[in-house]
Each structure stands twice: as C-alpha cells, then as structure tokens.
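Chain lettering (A, B, C and D) follows the sequence in which the chains are written, and residue indices restart at 1 in each chain.
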Amino acid sequence: MVKVGVFLCHCGRNISEVVDVPRVAEAVRHLPGVTYVDENKYMCSEPGQAAIRQAITEHGLTRVVVASCSPRMHEITFRRAAAQAGLNPYLVEMANLREHCSWVHADDHEAATLKAIELVKKAVARISYNEPLTPQPIPMTRRALVIGGGIAGIQAALDIAAAGHQVTLVERESTIGGRMAQLDKTFPTLDCSSCILTPKMVEVAQNPNIELLTYSEVESVSGFVGSFEVQIRKRATLVDHVKCTGCGICWEKCPEKVPSEFDLARGKRSSIYIPFPQAVPVKPVVDQVHCRYIKYQEFEASGAEGKKPPQCRICEKLCPPQALAWDQEDEAVTEKFGAIVVATGYDPFDPTVYGEFGYGQYPDVITGLELERLLSASGPTEGHVLRPSDGTPPKTVVFLSCIGSRDEERGKAYCSQICCMYMAKHAIVLKEHDPEVQSYIFYIDNRAVGKGYEEFSRRAQEDAGAVYLRGRVAKVFPQDGKLVVMGEDSLIGRQVEIAADMVVLAAAVVPSRGADEVARMLNISYDSDHFLVEAHPKLRPVETHTDGVFLAGACVSPCDVPQSVSRGSAAAAKTLALLSKETLVGEPTTAVVDALRCSGCQLCLEVCPFNAISTQVVAGRTVASVNEGLCKGCGLCSAVCRPAAIGVKGSTHKQLLAEVASLWT
Amino acid sequence: MTKQVAYFPGCALEGSAREYDVSTRRVFAALGVELLEVPDWVCCGASSTHGRGQEVALALPAHALRAASQMGLPLMSPCAMCYSRFKLASLELAHPEARARTEAALGQDIGELPSVLHPLQVLDEIAPQATVPLDIKVASYYGCLLVRPPAAGFDDQENPTIMDRIVAGWGAQPVSWAFKTECCGAGMALARPDMVARLSRRVLEQARQAGAEVVVVACPMCQANLDLYTGEKDTPVLYITQLIGLALGLSPRELMLGRHLINPLPLLRAKGLVNHG
Amino acid sequence: MQSVIPTSGFRVEVERESGEVISRCYQCGKCTAGCPAAFAMDGGPRWLLRAVQLGMRSEALDSTTIWMCLFCSACHARCPAGIDIPRVLETVRHISLKERRPPASKEVALFHRIFLGQVAGLGRVHELGLGGTYNLRSGHPLANIGLVPRMLARRKLPLLPYRKKVRWFKRLLSEEKKSGD
Amino acid sequence: MDMNGGPRIVGFLCNWCSYAGADMAGTSRMSYPPNIRIIRVPCSGRVDPLLVVKSFQQGADGVLVAGCHPGDCHYTEGNYYARRRFALLRPLLDFVGIEQERLRLEWVSASEGRKFSRAVASFQEELERLGPRGHRG
C-alpha cells in the first residue's frame, strides 16, 4: 500500500491569490493512498524542502506529490529533496498549479480552484504507478574527436589536449588552418593572420595528446555519448609521411603545375604539393588527378593505343629519403571517442548566380577571399595586388557588400556578419599597400558590432579615405578597359556610377560543403540554410540535441575569428566536462521491453529515431531489445506497440491511462 | 509536319515594323510553321494600360487569348510587348476571380487559356537549315520583355542565351556583352524622346565596344528605338527573322532590309551576305 | 524642410491594391541603382517605396517617378525581397489617376490617354495618327518631326489606319474612369 | 452531457516544446478556458490512439495533441509520426461517431505561449459549435 504525501505550495501569492489552497487540501485529503497533506508558502524554499524530507521520514511516505509550479522549473529540486530523505527521486510527481492554473485563470477563482483539485487528483492517480528508477551508468571513453581543422577546431583540440585528454583532429585537406590560413590580415587589429595562426598549427602537430589526421574524412558514426564508434578514411597521399622530411625538393621540381585551390585558382601549385608554405604537417600529397606518373599508369592500365604520357617520376628520383609510395591506398580506421566536436566551417557563396556582377566573366571582378590571397605575401602575387586581366595595380577599387547575404530571392536571408568588417580591412590594407588606391564601399547597413569594430570602421573612412556609399549595386559592366559599377547612394538619393579598376564582391558565408552529411551521421539537425543547429540559441549555444556532440565555429552561423575561437573553447569546455568523468549518469527514463508480451513484429525498430532497438532471441522467440545507452525515452516505440509490450519508464501506459482515468471524476 | 500557331502581329508590325512581320512570315513559311493570323485582332494595350487597374489591363490581352483559344492554337506574337502582355495576362487569368471579372468586361467566355509563345521559343526548337554562311559578329539584344518580369520571361534575366544560341546555330558569331537586357526606353519615344535617345545610344555603344557588327532584336520597340534615336552611322539593327532570312538565302527586298534608318546593306554586301539589290 | 509624420494608411492602401508587401523593402537601393529611367525621376523606385512605407501620400501620388517608369522590371528581377516594384508604381499611378490629380508628367499621361483612345476608337494603334495627335495636344508640335520624312520615305508610316471600334473597351475605360469619383 | 464550464479538453503536450509553450502562456499571463487538462508526454509521437480513445471515453469533448514544429522535434521525427498517425485516426473517429474535428493537432514551440492560449480558445469555440458529444445534428 502506497503512502502518498501531498504538498501544496502557495508560491507567495502567485497560487493562493487565485486558488483556494486550503480547500484543495481538504478535497484531496481523502483520495485513495493519500496519508499526509501539507501546505507551505514556498515549497521550493529550504524550509519547504525540509518539510518534505521530514514528512517522508516521520510518516513513512512512499510517494510525494508537490503541487506548485511547472515541473520544468522545480522537478529536480523536489526529486533531490526526496532522495535526501531516502526516497527514490522518481517517486515524486508534480501538479502544475501555477503556470497551468493560477496564472492563466486569474479571472475565475472558482474554476481555478476546481481545476487545481483535479490536477492534484491526476498526479495522485498517476503516482501509484510510479516505480523506483535507477540511472544506468554509461562508461566514458576519455578521448575526443574534433572534425575540422580550422581555427575553431584547432582551438578546441588544443584546449582539450591542454587538460590532459587525448584528442583526434580530423581534417579533409592536407593541412590544417582552414579559412583563417587563407587570410592576409585580421580585423580589427590588422594582425598578420598566419603570424598568429601558425604557432597554433605547430602546437597541434607537436602536442603529444593530439593525433592529427589530415587528408582524412569521417565516414560513419555509430554509438552514443561515451562511446562513439567513428570510421575515418585516411586518403592515400602517395607519400610515406614517416620517411618524408618535408625538404620541399619534390614540390619545387614537379613539372606539372595546376591551379591552386588554396589560392582560389589565382595561383598555381605543383601536382605533388603542400597547399602553402606554413602547412601543417609540412608533408606533401600527390594530386592523383593531375600527376603525370599517375596518368601514365592509367594509360598503361587502359591498354589504349597512341602516344604514351611521360613517366616523369621526377619527385621520386629526387626525393632524398625515398618517401614516394605509389602503392599506398586509402585506409579506413575505426576509433572510439567519448565526445565529438564539429567544426566544419564555411565556404564562400558562389557569386555566379548574380549575372549582373559578371563574376567569372570579367576577370577583375573577384571575391573578398580572393583579394586576401592577392594581398598575402605568400600568395600568388607575393602581396602585390594586381588586376588579373592585365597585371596592372588597381587604383580605383569598388567593394560590393551582401553578395548572397540579405537576399531571400537569389541568396540567403541572413547577414553574413563578417563582410562589413573585412571590407573596411581591405580598404585600410589596400591603402597601406599603395597610397594611390581609392576604395569605394557600397554597403546597406554598416554592421560593426564587435569590440573595436566601429572604431576600425571609422579608420577605414577617416585614415584610409574609403568612400562609403549606402546602397546595393545593380550592375557591373566593362567599358573602356574599366568596370563600371552602377549603384545608388540612397542617402543623397542619386544614382552613382564609378569606373573601377577592380571590383571586390563580399560573398556571403555558407556552411562548408558536406557539413549536412556530417550532421546526418551524427544525428544532429541543420537548418534550411544547412547551418548546424545548437541545442538552444542562447543558453546552450555549442551543444546539440545529441548528447556528447558539440559545435564550434562557423558551422553554426557565420562568425569571425574571435567568435570561432570562443566557440572552439566553449565546445572544448563542454567536452572536458564529459571527459572528466569515469562514467556518466544516464536518464533512467528509457524504453523497456516485456519479452513475454512482445510479438516480434519489429515496428518499434522502424520508428526508433536513435536505432536503439534491436532484436534478440529469448526462449526461442525473436523479441525486441533496447540499448539503454542509445534510447532517449521519446516513446515512439510504445505508441506503435500493439501488444503494449514496450513502454518508456516514467511514461508508462499505466501512468498515462491513470491520469486520463482520473479526469472529471 | 506542319506546325500551326495563332499569329498576332500587333500594331507596330502593321506599321513601322512591317519588315518584322514580313520576314517572320517568310522565315516561318520556309521552316514549315504555318502562321494563322488571329482574325480581327485588337491592340494588346501595351504599356498604356499600366495604372488603369486590373480590368482595363487584362481585357485587351484576354480578347486575343480568347481568339487563340477558339482557334485551338498557341498564341504567338513576334512583338515582345504583345507577347509579354499575353503571357502575364494568361497567368493572372488563371485566378478564377480575375477571370470572372474579365469575362464580364468582355461579355464573353475566354475558354481554355492557350499557351503563349514568342518566335524565339519556336526558332530555338527548329534545326537551322542555313544555305548562306553568316560570317558576321552579332550582339543579341533581348531588351526587357522577353526575360522580365520573372514570371513572363523565358530566359536568364541578366545573361540570356536563347537568341545567341539561335544565331550561332544559323552560323553567325554571337559576341558576349553586358547590355543584352538593358532597357532601350520602351514606349517613351513620343513623350520622352530624350530618354529613348540616351538609353538606346548606350546600348548600341556597348554592342559596338563588344565587337558586334550588327545587333539583332526580337521586338519592334527595341528595333525602332535603336534604329531611329541613335545615328545613321551606328551599328545596324536587324530583326532576328531578317538575319535568319539572309541565311536562308532570301533577298534584301524579300526581307525589307531597305527600311532601316541605319542602312545595313553596305555591311551585308561587304560581308557577302547580300549579292543583289 | 518639412518633417514627416509616419502613418501606415497609405501603405495598407497600396499593399491591398497591388498585392505586394511593401514592408518587405529594407531600402537596399538595388532598384534605383539599376533603374534606366531614374535619371528622369524625382525620387526613383527606392524613394517611392520609402514614401509609401512612411505614408507620404501626396508626395508619392504627385511624383514623376510613377510616370517615368518604363516597366522594364529590372528592379523586380533584382529585388532581394522579391517585390514587384513596377506593380507598386503602377498602383500608385492608378490611385493618382482615380483622384484626378494633375499628373506630374503631362506628356506621359497624355500619350497613354491618346493611345488608349485610339485602341477604343480604331481597334489598333495608328502610329502616324498617334504621333500627330500627341504633337498637337502636347504643345510640342515639332517633337520627333525630323524623323517623319525619313520614316515616310522608307514607308514605315502607313497613312491610313485600320478602323474597327471596340465598344466594349470604350465602355470599360469610361467605367474605370468613373470608379475614381 | 454536461457542458458546464465549457467543453472538456484533454491536452497531450510534448515535454520539450508544447508543455513549455503552455508554461510560457502562464508566465505571460495569457489566459485561456480553464476546462483543459494537460498531460505531459515525452513526445507528441508517444501519444497512441488508445490514449485518445480513453480520453473520449472519460468524457472529453475534445483531445488536443501538441508537439514541436515540424523539423524541430527533440527526437528528430516524433512529431511526423504523430501527424501521420492522427491523419489516419481521424476518419476512424468519425466511424465510431466522434466528429473528427474533436481531435486536434497543433505545433507549439516553447516560446509560443500566445499560440497555445489561442489554440485552446479556438478549439473550445469549435467544440462549442459542435455541441455535446454524441448529439450531432
């Protein structure tokens, strides 16, 4: 026989002003099972909780109903109080007399009081079916995986490693560094981007706690927090990186030059290459599409007639440690991790959708990121900004903001956040490179909301003499060797035409190619723009709805370097909170199968969003079986189970039916 | 296999743009497309119904759509303005309310809405049968109404290619240029000739800078504005049907090439596209 | 300079008739930037949308902007909010006509009136007649006059019009005109 | 059936969005008819037809199932199952003499207190229009 204690809260006057609490107490006193009723001005206060503990001990209560506010507010509080008095915390239920009653029926005290009585009755009816539950311990693999080696991923890996935990950093490209490595300078301090990034990249390579897997991609993820099983494909580099010393002879001597992806095709690289001089690791990979020897091998294998391509193999002949490994193949490794940080970063928006700007058609229309490569001392022009069309230095440069941003029709609805500032930066840096440069910046709203950003933006105008024109440009067209930019200065309300030497498009920030695939592997969601979705936009900005998976950097939303670093560190902190534990406490509210009733229909397997249900053979019959580590307790399985053999602890059929059966009686 | 369309020449093609009408009829006849003129057709209203409310704007195009519907044929007008009015009207008349009001104004049922075509769409489907090689650099000028508004246009709004594809198919060399879809001044020739002159001159200048020897158009307003409001020494402006006519071996007289103010004949002779006349 | 007291009535009126949501405009200016007729307008399309947003009714109704529009739709094609801006201009023009306000461009208004009159009276437009009537009534008797002999010489201007009255259209025009009263 | 105090509604609200949305209605003091009884479930997809049928048996005039917006389900796709299930259940309700309008599915996010209170009010109006159960005209 259960002994239910009912504790009624006045919540100051929040409840008692509307609900006649003593009348509720009288009405529920004689409900079946109720052996104790108490009222308190604030049940959640320490005296209130003490009253609960005392009643449990003194009156031998086996169930506790607290009728106060929303369980989303104080369920944990009262469960803890019960546990302190030795009662299993899952034997506590709440009746929501405040949010669902007194606050919404303030104009009808009688109705509110009657409803309050029913709400308590409902909780009492339900609670006799509550069972003591014990959370299952989840073992924790104390190793983290970071996906993406840009600044956010680097920061996350370094922070996790600094706390003494093992971390594996997986990067798709042959070097880490990401977008930041492509930048010349960073706003608002004008730090040289590689000068501040390279030390961190080197630290990643040297930290004994970090396993760096470049030229590698995550292929599949299974398991759950504490023990994710991740398959990683290490693509063949055709270079034995153990033997290779990174001397550089191969990429210097390789005769096959192709457009450099790192320089956004504004420069060339060899077909055995490192993307840029400060690459980490400083070990080359062979580009199997362009390498002459690979082409030769393919020609031989095809048995085709005609002129054979050259065998080449110059790199192999010149390599001092004989590190070329033509037979190397992709390698798949499976490793186990306790937590995962996703830092897949961003790509620039493709401006070719705007035919009116002629990107891809007029060589002197370039993107902001391409300008970074032209400004960079290690870029294709060694830091001399020259027009791609004729190699002359541009004197009039026009910047176009919001290329793909703030355009619901042909681009993205959102603001890309970094463009206003990098346009200001470009104006300043261009002026430093060549005092004769005049910059014009077409902006819609100049968004300078970070620390020192507004001041920086002023600098672009006052010191670098950039002319800001408020308006979006309609068209760019060539005329007399220049590019005519047609805009409006909407502040004066006149059309503006500028004959420019170069036009720079501030292309929007979009999620990196393949980020959505990573999201699907990890069972995390992405929005309509394919940015990954955080658990709560304000209060849980780096967590996801999948336990143990965290987000860092621009995969969540466009952000600049400082924000990427913050998000990287934040994701690391969340990861460390997990890795600091030997085991995790899981929620016990998971599904459970009554093997005797299970018909083996396996409908539950189909609906389970977490693949937590499998089958097992019990006494010669195939029945469903739940992996409690994977189960989140949604109850989809129990809703489809015809023989009612599978139920979710804490939301059982009996509990819910008892609630229904208590209504209007 | 003869294809038939309901043919709506439009007011301009009866007057200043008769060469467009004549060359269209000849070229389509040569290509096996039969043009059945809409009987007793009435003006589409052009841009003059803008700002006169939906009923006035829809009534005139609806009249033509109804006629084509009765003929059971798609409605084709070489005039970009007529085409655009018909296309937009057919979209608006898909709404039952607009249709009911318009039918009340017309005093007649419109019937099943016909599809609306421009000759470019038909030409794009027909394999070229050039007999005379068109060794000439062509700027395809689309103007506004073939590509905009977005609902009525049938190609990219900023860089359409259908006409370039057609002229290339007939052997000419399209040039890439930036003013393919910039407005020529449209129907402002009487009220604001200054606007037309300014806009048309810029279009022709851009075509010239892009290396075009001739500009081809598919709209009588574009032709008139570029031809009449620039200079007689400027780049000649031909209808696409005139250019295709040349490739088919039709004579300048048959194509009425003598009617343009910017005389194209010296160039066409120099290029060997015209042997006589 | 006169101050503006923002009101929403005019915006609602224009939104209702045009079916376009004018509050979607965030004044980026791409419309005016590429407008081929803006040089002949007082405010341009972006300004007009702003005037409607702020309820500057008489300024909008009496602007040249609504008359100079060429309906080339470049603004509509490029508008990041997808607003059919010519439709908005046309709507404001319609309201202005219904209220019998003196049009800010007499020339353009007169041209369209003569044009539609021809359609109603003749069934088709007769270019020579249109030009002649326009010149007589606009007070610019010599407008475009240089072109006439050259066009006549090339037989570009037929002398006689097609003639077939379109009674239903005439009726429709006069009804539409009355509806403004 | 007794309609005192208005039609009786059982509301099955998912814990993550709609229950929190109802809390938000409370926090924002957005009142709605008192004759709704809210039962908290982990997910709208947890609500099986039996619970709906039992609610009607218990004397409910209407059953409201509310979950996260499509695409926002805490469990990724539970609300889609709810949507499909109730699309199938509705015609069956008609078959047993319960107008299908008496079963309503709503998407209410944690921030949509106003939406929740309006949903309850409009459901109540609809149920009043339908009249007491089992007496269809």
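Keep in mind that, in the parts below, a contact is a pair of C-beta atoms (placed from the backbone, for glycine too) under 8 Å apart; a residue touches a chain by one contact, two chains touch by 3 or more.
These figures come from a predicted structure and were not determined experimentally.
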item: Highest-count interface - the chain pair sharing the most C-beta contacts; value: B-C
item: Longest centre-to-centre distance from chain D, chain (CA-based); value: B
item: Chain A and chain D, separation of their C-alpha mean positions in angstrom; value: 34
item: Whole-Å separation of chain centres (CA-atom averages), chain B against chain D; value: 59
item: Centroid spacing, where centroids are CA-atom means, of chain A and chain B in whole angstrom; value: 53
item: Computed distance of Cα centres, chain C from chain B, in Å; value: 23
item: Sites on chain C at which at least two other chains make contact; value: 39, 74, 78
item: Residues of chain D touching at least two other chains; value: none
item: Per-residue multi-chain contacts in chain A, two or more chains; value: 356, 475
item: Interchain pairs in contact, sorted by label; value: A-B, A-C, A-D, B-C
item: Chain B-facing residues of chain A, complex; value: 354-356, 358, 361, 475, 477-480
item: Partner chain B, residues of chain C touching it in the complex; value: 36-37, 39-40, 66, 68-74, 76-78, 84, 86, 90-91, 93-94, 96-97, 105, 107-108, 110-112, 115-116, 118-119, 123-128, 130-131, 134, 138, 143-144, 147, 150-151, 154-158, 162, 164, 166, 168-169, 172-173, 176, 179
item: Chain A residues within the chain C interface of the complex; value: 356, 402, 406-411, 444, 470-475, 486-488, 490, 493, 495-496
item: Of chain C, residues touching chain A in the complex; value: 26-35, 38-39, 43-44, 46-47, 74, 78-82
item: Chain B - residues contacting chain C, complex; value: 11-12, 14-16, 18, 40-43, 45-53, 55-56, 59-60, 105-107, 143-144, 147-150, 153, 157-158, 181-183, 185-195, 198-199, 228, 258-261
